[in-house]
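Multiple structures follow.
Each of the next two complexes has chain A plus one other chain: chain B in the first, chain C in the second.
Moving on to the complex of A and B:
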């Protein structure tokens, strides 16, 4: 066997092995998409990937069943607003904690990080009463405010702080000599130099907001204000049982933005998870 | 062109005195080098002049104006950092013009000054590159260019050549010297490399533990060091300091010692190896380091002290040979018990 043939065999074996490992991960996803085109009865028949009859009308039905387009828009705009706000606040706070010397800054960071230890389920009740008292129930405000200033915002601040700490101080001193103020250094030097960290925070935040379920469930009642995770769970019959064909068709549509983000920014996503130490 | 005057400048970090009262005057257009071992406070002093570090007490004046409370950008100084400190997200052209843009100069004026500085430093063809696309020497040139475009009254250099390889360092050193000749602007330069200090400076300030040990021209510091610290810091290899007590030397050597001399200083390059029966000092050769142009000989004296001798030429005595060491009286330095220089009659 020549060296070239040996390499080809080796390569083929690798591809086959990896494909075998990928099946458990890819099959449910493909099954979800194909089931979106099946009737409710066929879904629980043979677990075949190709529908016997293609039910394209499932996708039209989604939009008739509830204001799905509006809910889709809600998820998109909330995720974008949350991402932008988290980027602004986490980079400002992270920069201040990394670079401005003030009494108790390390203690403050420790205090903030300790908030990460408190599970969301514990704080949801006080938050519920707070937003009720503020008259913000059944609005999108809690869905924006909580990720920005809650544990996710703290995590983002921590990530940004760590990144800013690693930036060379001399560059900022050169900017000081050039006449920039502290705010100018943050905006014109530190931020452009932190693009990888900002990209990581943006991706993680977008995914976090997109997948948020508990908060919409607690704070939102009107169908028009639902976000996608809540809307998906709402495809039920009058007895409360899931309408699987509609739910899976809707889920197939719901993953499109995330899929697009993954395809466009694969490298940054992997880096961002490596950087944040969280799972995807 | 502007002078820089420091009056009783002090700096304290927490409970530690880093700069312990510096008085210094840097003349218009002078190239002054701060030199000293690591931790002596030379960079801190430079940063205090730049405005990057607050002054705990004392007065700093640039020209006629007191600068203690003036912000770094308004002192009329430009600084070149050891790590170049170029903005990685900006091209060379934008890096050089950044300060002018912050000062809201017109675009045409910025372009004119950047092009002029680039031509001076021969980096015209690098203007549209990012710093990551440049070599160390090119980056250093850009950093100097960024300083030049602002037409500062004073240039500050914080060990700007430390990150370059030996060959490039020598080349950039000569470029800096010619830049100073061309601009005739006041320059203050920090280095721990005494060769850099000797070759570049009009005036050297030797610092140690936050204090000035001596200020003078390179020649003054080499020929008339004020104390043992300066004597040993300036010159390479460093000066041999031999305690007079216990020294077994020829009568010719001992009888000319000035009163109060407790140590004798002899530069290795001023010593010559002679026959054991003729030298002022006698010893045994323990090590010979070949340097190309000659050899650095380690001679062990009877009291155990090792005396370094820099011998030119290819020949050198053999290890364990008994040798004599000779020196001209004019090349000898004398120090008292407190390591201060004593001038011979």
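Moving on to the complex of A and C:
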């Protein structure tokens, strides 16, 4: 064998091995999409990846079964609001912690850092009573407020702080000389220079909100107020058994747009998660 | 105020006295953090204090009565309630299965994909895809695939002559299934962290070792693996904490069953608080979870400090 053929053989083996490992990562997506097109009967027959008849009407049925369009919209708008709030608040706080030397900032850092140790499951019980007392049960307010001010928001704050720390100080100092206020520096100089960090925070926050499940489950009861994860878990017959063909069709509708964006922007998205580092 | 009468400079007198820089920085600093801090105190610190107080009461949501009972909820959990130790055992098994499997797979994938090779970006994208997918969607699809009768996994096993078990209905298989599907969901994240760490390893080290005649395994064992130490530590703690927090996956795939075989702590807390409305007991459980996570984090900080010395 020449060197070149040996390399080709080696490369083929490598690709084959990785493809084998990739099967359990790809197969669920393919099976989800194909099963969404099957009839309730075909779904548990012979395992065919290609449906014998394509039941497009499943997708219409989803919207009759529950207010799916409304629920889809809820997820989108909540994720956008949460993302915007996290961007503003975390970059403000992160900027102060990185750049302004003020009394108590070291203690404050420690205080905020400790939040990263507390899972949502711990604080959700008192929050339940807090929102009940505020008369905000069965609204979207908790789904917006809790991710922003919980450990996710704090994680974003530290990510922003880390990024601000690495920016060159000189530009900001020059701007101070020119009479720009702190707020002006934050808005006109620090923020425009930290686009990569802002993008990373936006991406992980949007996905965090989009995928949130425990909070909607606890705080929301009305079908009209459901978000997607809750809606997906709700395709059941009167006995509580899953209506698989509808559930999988709806899951496809929820997952595919995110996957498409992911495939287009995979580098940026993966980097965002690597930057945050502390999620899991 | 004295200059006010001087006529020529009327404005001066109404100006606030010039703040010292230090004072001004303090105001600016606290103003900048105040929106985040206010929300954090109300929706995070407050509730944390709240859950500690609740845990000292007997509070049933249905009867709307709450009485102070000291540490009785903790005593209940630790000594009386047989479910509690089952839950701790399940949580430990889940973590003990998930963490090593996740980390080993993540490291193997990272080693295979860290260097720019043909197809590396493609496979990285594939292995990371479940991370951006919602846990609910992932759990729904796997529950479907793992159906005992007619599920795709068992149908595929049948074609090679294996009769698969009813995965999610037998306690041990259910635990195994939940662990493996969760690893598939989350392994991409650790893979990325390992890839980032591997790419930071200077190539010179490996090349020097290779020139000395070291084998690939020796290079990994003696050069790469020690350099990955800090990353491995961080990943281990994050993954362990993550495994304590797993909720949606369990809720959707098994509902804690069968026979409480997959009843883990996060799910148990939810169940006690929002299904059985036993707020005091659930709060005590939440405090126990908090302490577990807290100790782990301190352990990480301690080990990280010792490593860096």
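Methods note: the second predicted complex is superposed on the first by the 254 of 280 C-alpha atoms of A that agree within 3 Å, B and C clash if a C-alpha of one lies under 4 Å from a C-alpha of the other, contacts with A are read in each partner's own complex, and residues count from 1 in each chain.
By definition in this document, a contact is a pair of C-beta atoms (placed from the backbone, for glycine too) under 8 Å apart; a residue touches a chain by one contact, two chains touch by 3 or more.
Since the structure is predicted, the reported quantities are computational estimates derived from the model, not experimental observations.
Steric overlap between chain B and chain C is absent once the structures are superposed on chain A; the two fit side by side. In the overlay built on the shared chain, the residue A:171 is in contact with chain B alone; chain C does not reach it. With both structures placed on the common chain, the touch criterion links A:112 to chain C but leaves chain B unconnected.
Judged by the touch definition given at the top, the superposed model places A:186 against chain C, while chain B stays out of reach. Chain A has more of its residues touched by C than by the other of chain B and chain C.
Shared-chain residue A:74: touches no atom of chain B or chain C. When both complexes are overlaid on chain A, the residue A:263 reaches chain C alone and has no touch with chain B. By the document's definition of touching, of the two partners only chain C reaches A:125; chain B does not. Looking at the shared chain after the overlay, A:96 reaches chain C, while chain B stays out of its contact range. Per the superposed model, the minimal spacing between any CA atom of chain B and any CA atom of chain C is 7 Å. Judged by the document's definition of touching, no chain A residue lies at the interface with chain B and also at the interface with chain C.
Listing the residues of chain B that touch chain A in their complex gives 50-52, 72-74, 77-79, 81-83, 85-89, 98-99, 102-103, 146.
Chain C contributes residues 22, 25-26, 28-30, 32-33, 35-37, 39-40, 42-44, 46-48, 50-51, 54, 109, 112, 117-119, 121, 123-138, 140-145, 147, 149-152, 155-156, 184, 186, 189-190, 192-193, 196, 234, 238-239, 241-242, 244-245, 247-248, 251-252, 266, 269-270, 273-274, 279, 282-283, 286-287, 289-290, 293-294, 297 to its touches with chain A in the complex.
The touching residues of chain A, when paired with chain C in their complex, are 11, 14-15, 18, 21-22, 24-29, 31-32, 35, 43-47, 88-90, 92-93, 95-97, 100-105, 108, 112, 115-130, 145-146, 148-151, 153-154, 157, 182, 186, 207, 210-211, 213-214, 217-218, 228-229, 232-233, 242, 244, 247-248, 251, 254-255, 258-259, 262-263, 266-267, 269-270, 273-274, 277-280.
For chain A in complex with chain B, the residues that touch the partner chain are 168, 170-171, 173-180, 184, 189, 192-193, 195.
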